[in-house]
Amino acid sequence: MGKIVTFGEIMLRLSPAGYDRFVQTKQFNAFYGGSEANVAVSLANFGKESSYVTKLPENDIAQCAINELRKYGVDTKDIVRGGKRVGLYFCENGESQRPAKLVYDREDSAIAKAKREDFDWDKIFEGADWFHFSGITPALSQECAKITLDAVKAAKKKGMTVSVDLNYRENLWDADKFSKAIRELLQYCDVALGSMEEAEMAVGEGEGEECKDILKRFVEKFGLKYATIILRNRFTAEDVDWTAVLYDGKDFYNSKKYNIHVADNIGGGDAFAASLIYAITSKFSNQEIIEYATAGSCLKYSMNGDANLSSVSEVEKLMNGDGSGKVSR
Amino acid sequence: MGKIVTFGEIMLRLSPAGYDRFVQTKQFNAFYGGSEANVAVSLANFGKESSYVTKLPENDIAQCAINELRKYGVDTKDIVRGGKRVGLYFCENGESQRPAKLVYDREDSAIAKAKREDFDWDKIFEGADWFHFSGITPALSQECAKITLDAVKAAKKKGMTVSVDLNYRENLWDADKFSKAIRELLQYCDVALGSMEEAEMAVGEGEGEECKDILKRFVEKFGLKYATIILRNRFTAEDVDWTAVLYDGKDFYNSKKYNIHVADNIGGGDAFAASLIYAITSKFSNQEIIEYATAGSCLKYSMNGDANLSSVSEVEKLMNGDGSGKVSR
Amino acid sequence: MGKIVTFGEIMLRLSPAGYDRFVQTKQFNAFYGGSEANVAVSLANFGKESSYVTKLPENDIAQCAINELRKYGVDTKDIVRGGKRVGLYFCENGESQRPAKLVYDREDSAIAKAKREDFDWDKIFEGADWFHFSGITPALSQECAKITLDAVKAAKKKGMTVSVDLNYRENLWDADKFSKAIRELLQYCDVALGSMEEAEMAVGEGEGEECKDILKRFVEKFGLKYATIILRNRFTAEDVDWTAVLYDGKDFYNSKKYNIHVADNIGGGDAFAASLIYAITSKFSNQEIIEYATAGSCLKYSMNGDANLSSVSEVEKLMNGDGSGKVSR
Amino acid sequence: MGKIVTFGEIMLRLSPAGYDRFVQTKQFNAFYGGSEANVAVSLANFGKESSYVTKLPENDIAQCAINELRKYGVDTKDIVRGGKRVGLYFCENGESQRPAKLVYDREDSAIAKAKREDFDWDKIFEGADWFHFSGITPALSQECAKITLDAVKAAKKKGMTVSVDLNYRENLWDADKFSKAIRELLQYCDVALGSMEEAEMAVGEGEGEECKDILKRFVEKFGLKYATIILRNRFTAEDVDWTAVLYDGKDFYNSKKYNIHVADNIGGGDAFAASLIYAITSKFSNQEIIEYATAGSCLKYSMNGDANLSSVSEVEKLMNGDGSGKVSR
Amino acid sequence: MGKIVTFGEIMLRLSPAGYDRFVQTKQFNAFYGGSEANVAVSLANFGKESSYVTKLPENDIAQCAINELRKYGVDTKDIVRGGKRVGLYFCENGESQRPAKLVYDREDSAIAKAKREDFDWDKIFEGADWFHFSGITPALSQECAKITLDAVKAAKKKGMTVSVDLNYRENLWDADKFSKAIRELLQYCDVALGSMEEAEMAVGEGEGEECKDILKRFVEKFGLKYATIILRNRFTAEDVDWTAVLYDGKDFYNSKKYNIHVADNIGGGDAFAASLIYAITSKFSNQEIIEYATAGSCLKYSMNGDANLSSVSEVEKLMNGDGSGKVSR
Amino acid sequence: MGKIVTFGEIMLRLSPAGYDRFVQTKQFNAFYGGSEANVAVSLANFGKESSYVTKLPENDIAQCAINELRKYGVDTKDIVRGGKRVGLYFCENGESQRPAKLVYDREDSAIAKAKREDFDWDKIFEGADWFHFSGITPALSQECAKITLDAVKAAKKKGMTVSVDLNYRENLWDADKFSKAIRELLQYCDVALGSMEEAEMAVGEGEGEECKDILKRFVEKFGLKYATIILRNRFTAEDVDWTAVLYDGKDFYNSKKYNIHVADNIGGGDAFAASLIYAITSKFSNQEIIEYATAGSCLKYSMNGDANLSSVSEVEKLMNGDGSGKVSR
């Protein structure tokens, strides 16, 4: 198995500690993350060869982001340097009926201003088997949409597997633009994941509105090998139910459902994507794939920061039934 | 709509972080609050013109309290300077079956030692429409009881609306003294709020012991325009059910009930009072008034510190049904 | 009532704050604890004369451990100084489905390397009525097993009461060695406590596998005055049900059951042992004994650190029914 | 004496604690400051009526900046809301031979993108006697240069005193552009301050290169009432000598020289400007003016954050000779 | 050698971290100290039997103070419980030309309100050889002055050595009252220490104003065995020169002079007193006494908090000439 | 230029924050370092290909150490996994006359217990040009001494350059053993550095005791290409003078002398070694080599933690004369 390449934007996240609101805090905890970077970190953590591609300026904050990726074993040598700023977002934790609150400040970041010629995908994909991106990347700029298309085409040409986390963000673009862009990209994808709403936006209207109907249309429309939908019920800022369904074109596989007490609301879907890719590339059975993906993302919610720092053995212990939280001595 | 004046004591609160007990901590988090100051902050936060009146010494700790009020937009120019000390209290957070624990050190504070002549209510009330106080203020000293009486009389004379949060504190005075004092003050009030027990202490015995019976007697006895009772079920230090009833002399209005995970047990009632005043002065319907007041106080419990830092849009979003804690991007 | 002597190992515990994982933290919170030291601290906190015996090196970290014991009123004058290192363990808090994780680094600690001649039990036991130890101490080394045996024999000879917390740790020794060692020590014990699994390991197979059957065989086999079993159901890293049964050779006494939200998973059993000893030495009735022991340990879970810092009045308030977490003003 | 209006950009400053470098930190301390905002805070702190004008977006981070200004008593009601982002900069403290390091991320901030029509200077200047700005503001954008010119013209027309802190920043514009822009603005100024280098850039070449020569040409060229030059010798990141000279068109006034141990390198010049304005508007003698300005800025270096939080009595105590640091009980 | 008894007030000290000013901080570091309590802690730390006497209320904050004393090995069993509050003071660290700033809030503390009958000095002095107090204690209240007089008389009667640290505080009483009270107490003292100014206030005017003249008159007037004067030159908040002179009625002994970089300005004199008592009771030579006292107090300045936490070996290493700060491995 | 391999022990360092002493702290700051690991980090930071070799157990604390190395770009793939524990040391910062204090707990660490067969030097040295170690490594155990000898022999055989930092630690072995071991290893070295005392221990007695005499004998005795001696004058825990001399067998090169205010006393020599290696491998002139090495190590003292995090441009700026600490915007 060769390396897995992810491509997107890594941002500085600034969060007040604990239950403090923005106006109360004198300190921000700093994290570095982004949908695809979180996937890259989790995959490296699972022991996969993981390489992350983006564009970052030549300054100390960019270096912090790179160092954070290296710390977890992600290969950063294909990160292009240039541009002016690292995108950032402020994140206030939620609590009880008060939701987590995000203030984005990511416009004109180095990656949003990147050019197609910044990336030589043939070179980047040397030794790579898998390419992963999310619906956020093409939303960053028109040029980013083109770069993403370059990437999936190059990956396909090379016979790599391509996965996408739909990740629709309404503060980045409207639903129509998203649908149009993501459909073009999905032509080149083998594996896709998202929420019910996102999957519907991707496949458009059709017969049946149940999860299974949508998965079916999803796989058929884009010739996917695997499509998965995450089913999340959120009760309060810290209580979430989490389960998922996998469809391989023939059968549906449901995972266990977890009732999660949330430590940090960011990165659950990214952890799911990474766990899914890990399980598929590790030749798990289909039922194991969806169990591993769901258990992996469940564990993410118990951690601070954007990325899942669980080990394979921790995820396997949970998917095999030990969610009791018994002290591990 | 003119300014809303609140009058009381603002204290320095010293709390160990997280679950630490007093004997474990090497650091105290500092907050500045008090029942009426918390109302003033929340009202300013909701965009109302809010002025806070108290007496504070000429020292740096008093300046900290004033700065905290100013930070949230409260007008502090009518705060009288003089006296020796800022009252303070130590507050250990509760957890599970262990209750939050308060150690008060507020005796001989500047406001407790204040004199009637310190306050020129006619001047203070220039441009004001509403006066709010709580049952704590007259309990601080005999002179404070007189000052409060001066204030409500002056407010009434000027045609202002007067509201009171009954707020009985058994460590400040006994039930009889409270009943006697609060009844005299209630003669001048238009809006009152409190718990079942407090309302009963205010109205005395009568026919019927249900919430509605008491509200009825409450409104009739003191000629109130609105009386509200907060119904709280506490299960552990961090699990609370919270709902409220409003009576306008004709009809009863029940709010939704919230099951709250508590971040900080201080200031729920004060947040209710502020939200109630906001909703009344904003000409909400009676049902909206009680929903806004309950939702506003529910959100307070999700925050650190004494005062509710929610915005109007946050409260409205919750009262209109979105308590799911979905991340707000 | 004379002093209560406990004997074991006190370690430095290093924990990342809040939900941080080991690889994320730049700071460790430092606690000093160990099964028997936690019992000693809780007993001193309850107002008992409490003396703790161990061996610690002549360095600053050992001094920190001693100072922590002294802080809570534990007599440390019988701690032997010498050896090379203080044992330590790293503890990552759990959250939701992610369990707390412990990394031990206690080999070759001063107490593990101690010699029988280091301890003059007759001198240590002057003025003492009670000796407590746990199943961890004899597991530290073969010499420690002998020292423990010396201690219980000396205590018995002096007519003291001896209590043991079975505390089987599979990372210290295997089940067979544990059973053999603990059975020899139990010959000299009057009071024993543990989980169902630990009690079964101590008594071996027999008729009936219910809690009551085991308690019965336990008391009979070793001639105990009291045996108690803690029944714990763990749902996640922070949700635990907790109740206990006491058998005095005649009757069974069940405590209330508490549904606990856990702040810190370490030291629940130790808090139970200390509360049990407190209640027995304070001549509580049997029903009160088991209620006090269960309530005391329930409160431990609400605190950071290894030891229960509850006061007698806090435990009594909870055992008498007020677990509502109402703010204590 | 009426209010003093300042105009510029307030940014979020993010600083690692103590001696930590960017790549080491997991937390940023948050300050809100900017050259003119720092002047506004210091003046409010000295008891002057101080109003700050800028443009800030409608988001929580902007609200934090406004709250920080209000906390210290600055009037924020003329701040225009709109635009997309709050400018920010990262600041790593220096130590010994290692200099403090700043990474700016202020492009496209709300004020940099502001339009002339955003500001109604006649309305803003109602009740104002003094207008202060710095050389940074016209450097933010061409439109900002025009807005600044609008402001000084409106101020002059109204008979207000206008002061400028030259504040050349080579990362914002080149020396020629600066000289041209600042000379145009200086036509409307009464009071100017800066370093030797900045003053030379403003006046251009001429006879004599001593401080006094430059001050003379400076006053003459622009018809200033007062010109001051700060003379700073920096030895290491934390050791600075600091003195200043005032010229009133007739005489030169030298202040005492302070050898300063620096706690925070940001805002010394701004503190000088605020102290200078305070002393002039308080009708101090010329010698007192330069002593107060130098002592006030000396004290700034002893504090964290961008703004001088000294009181008038603290500055006067120092200018009158007590720099011994004797504990003030 | 028997135990050393100290008597005074222990307060909660609340300090912002690092260079933060009161108005900037959201957290106070908590220390527990007072002139005599600091002496008691340092003596226990040096291995002396040290007992501290005061009056403290029955609340959690008082318990924190007691636990802090116990932590360092001070005997607290003669502390009288009762009264209402723990005295406290706020302390802002100084830096460069900005002095440390103290805000006291100690009125009506339990000890200030204590009664003579609260203390049974004969019982307290059982097994004691030495009694130490400072000029602060009699200043707390008229009753405290009487209690102190009771104590010194009882100590004298018992043949104990009595020492006094003059410690004049102008915010507690005026110079005349101090002189009168301290002279009465000095009749019963054997050892006295203070600054030049304090010693002059104690002895009154006389021939010669040099340090030696004053020491001479001091010893003669009160029949002291030892009098010492600390000579401190303060340059800034963190730069202090520190030396001392001892007079034994015959000869003068000068200590080395230390140029100190100050970490915390509180408790230098108390550390001197403790080191002096240690050296005298350890039968050091007169030259060694003054060297130990000066070195011990020098080290205090390098530590946070009120009390000197140096060991005997650390002080001896410095007094024997190693002040190079070479890393101790 | 190929990669540079370093070999040694990386430990967890636990330090109380700021001026806190061990007995005062409730938190330890965690750093991961060791003489050779610090060299590896600094070299990676300078942009060199840097690979670190050691043995570490399979646990989370070892993973933390590895992640810290990876974060700064060090290649960790040749780290052998196995053994039981990560060595650690406690480090209390010094201040003024109080020295920094280290408590080691490194016995029986994985590397100290490593076996010769754990390391395949031919494989490790593939693609490597330089090998660096220090005198600490052979002191860890007799087997470690052998492993180090294996390494230098393999390096020599391969034609690599070998450098040694003498680094004598008297708590690890006595002077005789050190001299004997280091002399054997020096046979295989090309570059050596140390203090005067260490160099004397290595070369033994001879003619002349000046720095130059010793350097001469040093180079001659072991056939070195370069020998350097660091000359350090320490005045207090935070004031150090720092300069160095290089001898190339022909000429002596003296660096500038820096008067350093020390933020962290650990790792100055390691920073010197890394800077020296960087300068030599970058083909600097001899004078530049010694200036770069001295400037690089000077900057280390201004940072927290064990390793120098300076960039090449920062070192060059200082060696070229700008040590003024002027803010870098």
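For reference, chains read A, B, C, D, E and F in written order, and residue numbers begin at 1 within each chain.
As a working rule, a contact is a pair of C-beta atoms (placed from the backbone, for glycine too) under 8 Å apart; a residue touches a chain by one contact, two chains touch by 3 or more.
Here's who's who by UniProt: A, B, C, D, E, F = Sugar kinase, ribokinase.
On a predicted model such as this, the values are computed, not experimentally measured, just so you know.
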Same or different, please, for the chain B (Sugar kinase, ribokinase) to chain D (Sugar kinase, ribokinase) contact, judged on whether over half of the interface numbers appear on both copies.
same
Based on mean C-alpha positions, I'd like to know which chain lies farthest from chain C (Sugar kinase, ribokinase).
D
Measuring from the mean C-alpha position of chain A (Sugar kinase, ribokinase) to the mean C-alpha position of chain F (Sugar kinase, ribokinase), what distance in angstrom results?
41
Taking the mean of the CA coordinates per chain, how far is chain A (Sugar kinase, ribokinase) from chain D (Sugar kinase, ribokinase) in Å?
45
Taking the mean of the C-alpha atoms as each chain's centre, how many Å separate chain A (Sugar kinase, ribokinase) from chain E (Sugar kinase, ribokinase)?
62
Would you give the residues of chain C (Sugar kinase, ribokinase) that are in contact with at least 2 other chains, written as numbers and ranges?
18, 23-24, 26, 67, 71-72, 101
Can you list the chain B (Sugar kinase, ribokinase) residues touching chain C (Sugar kinase, ribokinase) in their complex?
18-21, 23-24, 94-102, 104, 169-171, 234-239, 265-266
Over in the complex, which chain A (Sugar kinase, ribokinase) residues touch chain F (Sugar kinase, ribokinase)? Could you list them?
67-68, 70-73
What residues on chain E (Sugar kinase, ribokinase) touch chain F (Sugar kinase, ribokinase), complex-wise?
18, 71-72, 258, 260-264, 295, 298-299, 301-305, 309-310, 314, 318, 323-329
Contact residues on chain D (Sugar kinase, ribokinase) for chain A (Sugar kinase, ribokinase) in the complex?
14, 22-23, 25-30, 59-61, 63-64, 67, 84-86, 88, 90, 92, 101, 103, 105, 107-108
